[in-house]
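In order of appearance the chains are A, B and C, and numbering begins at 1 in each one.
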Amino acid sequence: MTKANRSERKKVIRSAIIVFAAFIAVWQIISTLTPLRDFVPSASSVISAFIRSFYIPIGKHTMPHHVAVSLFRVLVAFGIACFTGVILGVLMGYFRIAEAIIKPIFEFIRPIPPLAWIPMSILWFGIGNTSKFFIIFLGCFTFITVNTYVGTKSVDPVLIGAARMLGANERQVFLRVVLPSTVPYIFAGLHIAITAGWSAVVGAELIRSDDGVGWIVNMGMVTGNTVQVMVGMMAIGIVGFVLATAMAALERRLCKWNQQEGM
Amino acid sequence: MENNREVLVEVKNLTKKFGDLLVLDDISFNIKKGEFLCIVGPTGCGKTTFLNSMTKLYDITSGEILIKGEPVDLKRHNVAYIFQEYSTMPWLKVEENVRFGLDIKKVPKKIADERVNEYIKLVGLEAFRDYYPDQLSASMLQRVVIARAFATQPDILLMDEPYGQLDMELRYKLEDELINLWQRTGTTVLFITHNIEEAVYLSERIIVLTNKPTKIKKEIKNDILRPRDIASKEFVELRNLVTDLIKWW
Amino acid sequence: MESTRRDVTKNNKVIICENVSKTFEGKKGSVNRVLDNISFSVRENEFLVLFGPGQCGKTTLLNIIAGLEKPTSGRVIVNNKEVTAPGADKGMVYQTIALFPWLTVMGNVEFGPKVRGVPKKERQEKAKYFIDLVGLNGFEKHYPSQLSGGMRQRVGIARAYCNDPYVMLLDEPFGHLDAQTRYMMEDELQRIWQKEKRTIVFVTNNIEEALYLADRIILLTNCPSTIKKEYIIDLPRPRNYVDKRFLQLRKEITMNMDKSQY
């Protein structure tokens, strides 16, 4: 079975590479040979600018610095979001009172997009990193909370009964049954959240800064440099893909038991 | 009387492998038109695999399966397949569920109407025509599935452990209904089960399979008179015979 | 094969149900009376089967004995104490098997002793003993999702036994298994029970299974459920499904059983 899986995986990777190459080719054709060329910078120019950005700075810094700065902001905010989101979700799912108090507030805040918070955020936290953490945090924390909440709610009551029958007390039921069976839901939330947090970086870096991949895009827009905008987009896409993949790998490692049925 | 029936299905040297795993090993047998054939075998021996090969869900490694002398072609041969799970469509009413197979086969509306009426009546669900599946009990759902299969008037009806999950009592009832339908319609039925008592109760012939790699261990003719009594001497003898062939622990 | 299965001198009652009734209240005040004044008792090391049509309240009755549900009236006494809550003195095996999917076979079987604070070495030795007893030697590190249905239920049985319960409560434990696996598991359960004597209450709606395993069968009626009849099954073990007396009893009990309402 593992053998079959591996060859299956190879096939998927191969076709992904082919599709990607085809995409670049089509892009290049559209951006050089069709009337759309005035609106789309060519693939070759974007890719070469992207490569160049590794040793020639955009603004004050080179690409690795921009990526590292943005990653730092996202990971800090994501870490705080994990912590608060899981706790809030468990509270809401496990305690009736917490649910009654927190849920309405939460549902009220949830539909407000992170971008709408920027003015208030600047007012409260200034224009430093704290503001950016806050915006990114808002972009990802809701997903973690909601998933944890749903997971805690959907624990199989028979399993809780089984644990009680084996002599588990309240605390043990919570720690040994409720939490572990929520883990796959939490991971599903983390998975969406890391991507959402990473894409909130563009918004967060609208707040005055001079580095970060979001800043590259914003600055490109302000100066009308479409190539720079697309270089920034490319960096965001690649890093986002890597983050999502890493998250999936982590999930596979930590939730070994949650694999497909059967041998 | 069985002897002069024509052969409907021929299975010739059927072999099926999954990678290196040899599941069906050079199996050959025939099914006659109108016959009620039961296949019994241990779990994982490849019974479902056989049905899936017959309905082209799986490719055959070697050998062939012929219906009326031709390779199976689901467009021309009318093969109905009842799975172990109740595969009713939850968004369709009982009547629409029964009509489903006919629509797919593009049966003209007038004929379809007649058939739907006829088979809903045969399984005794007239009062429930406008119900949705989740309003029905397990045995009623299974009846809907059976009506849907019979309504297409299949050349052959394949049933894969259809009553495995039911209470004994319901099983008895549905088994009697199935026999009744089969006798009235003359449909050819290939019935797969784990349950030896069920096989002895239903079949005209039983094929007993071995463990993997699977071969035919024995073919047994079953001409106990119907209605059959599970406590009669001949019934018990046949049941014991099959049990001894299949008991693996 | 037949040992001194029932020690006649030890006729003490381990489980006593006294006038147990249960009514579920639905929305808008509708009431559903499920159990109606049920009284019976179970002797030490007896294998009692509760037998009845689907939805008649068998699971509800077992849950009340387990302490997972409260009776509307009446009471249950296990080991001279009134049952008020679930607890480790009663081992439960479920139809849905209900293993903890995030724990390995070992983790599941040692769960009970672990939450009760038994030292690691001791509890793992014990778990190992029961894993071997149910024939899963070598599967200690497997997760439930990697096992077949029959194997999972073996884990369920080992988990219940490993906690050293005073009584075992089994709710249609083989209901989801295919016929052959079920026969095998019935043999297995009987073997384990003969090795590790315990008082067992076993729920089923399968008459073959009931007759194959029981010392005594209590036949329940449809809802609201009462005791319709009791049968002492004194056929010698191991029993034969097609034995004449067996088939006779099977016919008789089946005829006396209410038609399922659903």
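Please note the rule applied: a residue touches a chain if its C-beta (ideal position, glycine included) is under 8 Å from a C-beta of that chain, and two chains touch if they have at least 3 such contacts.
Nothing here was measured: the structure is a model prediction, and the numbers come from that model.
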{"item": "Chain contact topology (line, ring, star, complete or other)", "value": "line"}
{"item": "Chain pair with the higher count of C-beta pairs in contact (A-C, B-C)", "value": "A-C"}
{"item": "Rounded Å distance, chain A centre to chain B centre (Cα mean)", "value": "50"}
{"item": "Centroid distance [mean C-alpha coordinates] between chain C and chain B, Å", "value": "34"}
{"item": "Length of the line joining the C-alpha centres of chain A and chain C, rounded to whole Å", "value": "48"}
{"item": "For chain C, residues that touch 2 or more chains besides their own", "value": "148"}
{"item": "Complex interface listing, chain A residues touching chain C", "value": "156, 158-159, 161-169, 172, 176-177, 180-181, 183, 255-263"}
{"item": "Touching residues on chain C, where the partner in the complex is chain B", "value": "53-54, 148, 176, 178-181, 184, 187, 205-208, 242, 244, 247-248, 250-251, 254, 257, 259-260, 262"}
{"item": "Parts of chain B lying in touch with chain C, wherever the complex brings them together", "value": "42-43, 137-138, 161, 164-165, 167-170, 193-196, 198, 230-231, 236, 239-240, 246, 248-249"}
{"item": "Touching residues on chain C, where the partner in the complex is chain A", "value": "66, 68, 85-88, 90-92, 94, 96, 98, 100-104, 111-112, 115-116, 143-148, 159, 163"}
